[in-house]
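All chains are identified by letter, namely A, B, C, D and E, in their written order; residue positions are counted from 1 within each chain.
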């Protein structure tokens, strides 16, 4: 898993049906890369979270059918990057 | 998932049968890398999209038998890179 | 698999139910990157470990339902980085 | 998927039985990295190809039992890197 | 797949039961990174090998239950890096 900071919700013109209804969040990695994840927890911009990738990301989103390769797994307490 | 910009359709001399009939698009990552993805949505060059990787990419293409590790998942509204 | 050094336990404000009850550890890679893994072995800060990624990480955590993409697989004897 | 150029066939002293009988090719990525892929298409050195990674690579090789994480998926027409 | 050089066997203080009894080898990538793989072939330090990652790595190790994400797939003849 990796540690990311939540930046904003992603606004989508169109998306595949099987993304479900979870919010899609833009995240920054600790090395500055931009990533996108499903958020089943309800994070706020500025929160530090850890994310789960690949096949476990689909179950983490709450349903194996969800189309994701990255899902927020938890909010980190008092993270000092 | 990651954020990419659509560049062009890829012209192929030959391809495996089980790619299906979806267009294959060349994408640029935000760090400048070149990637290739199936496009079930019908994006245009210049569109900013997010892409889904690995096992979820196959379902995202519409059929688990499709041979892909990267599929366009949605078009992003007003993205400022 | 990769070689990582254990830094600390991760304190979480909230986490998904299906992480199980294993401790979540912050690790450093040999190139300085920060990662997060489930720890079924009981490592201490400073230990050098190898980690197992992706689908095998879930079985390594002791249960295929666990939501992880990285799990500590063993402690390395006398590692000189 | 990624775009690679075919360099040469790989000569092997020994290999696992379940690689099947497909040729194993050395590829260069657009950033200069060296990779190895199964080639079910019959490419020649100098060809530009796109490659399919991870679980789809096994099906792309023609049989889910094949032991590969990267398979050539098609030859690209007139690629200007 | 990738090309790696075998450095040494890894000595482990403790490891998960389901690693099986295969030796665990430390490898160097062509870009200098350090990796760890199961070795079902019996390589020697200095051998150039190619490695298989992720789900195929488990079957390559000889048993789908083995906990690995990287397995040696074959020894390369006369590799000049």
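The criterion applied here is as follows: a residue touches a chain if its C-beta (ideal position, glycine included) is under 8 Å from a C-beta of that chain, and two chains touch if they have at least 3 such contacts.
A quick map from chain label to UniProt name: A, B, C, D, E = Carboxysome peptide B.
If you're wondering where the values come from, they're calculated on a predicted model, not measured in any experiment.
Among the remaining chains, those touching subunit B (Carboxysome peptide B) as well as subunit E (Carboxysome peptide B) are D. Shared contact partners of subunit A (Carboxysome peptide B) and subunit D (Carboxysome peptide B) comprise B. Rotating subunit A (Carboxysome peptide B) by 145 degrees superposes its CA atoms on those of subunit E (Carboxysome peptide B), with the angle stated to the nearest 5. Mean C-alpha positions place subunit A (Carboxysome peptide B) and subunit C (Carboxysome peptide B) at a centre distance of 20 Å. Separation between the centroids of subunit B (Carboxysome peptide B) and subunit C (Carboxysome peptide B), computed from CA atoms only, is 32 Å.
For subunit B (Carboxysome peptide B), the set of residues touching two or more other chains reads 54-55, 57.
Traced around the ring of touching chains, beginning at subunit D (Carboxysome peptide B) and stepping first to subunit E (Carboxysome peptide B), the chains run D, E, C, A, B. By the touch criterion given at the top, residues 1-3, 30-31, 40-41, 50, 52-57, 59-60, 73-78 of subunit D (Carboxysome peptide B) touch subunit B (Carboxysome peptide B) in their complex.
Contact residues of subunit D (Carboxysome peptide B) toward subunit E (Carboxysome peptide B) in the complex are 10-16, 18-19, 24, 26, 33-37, 54-55, 57-58, 65-70.
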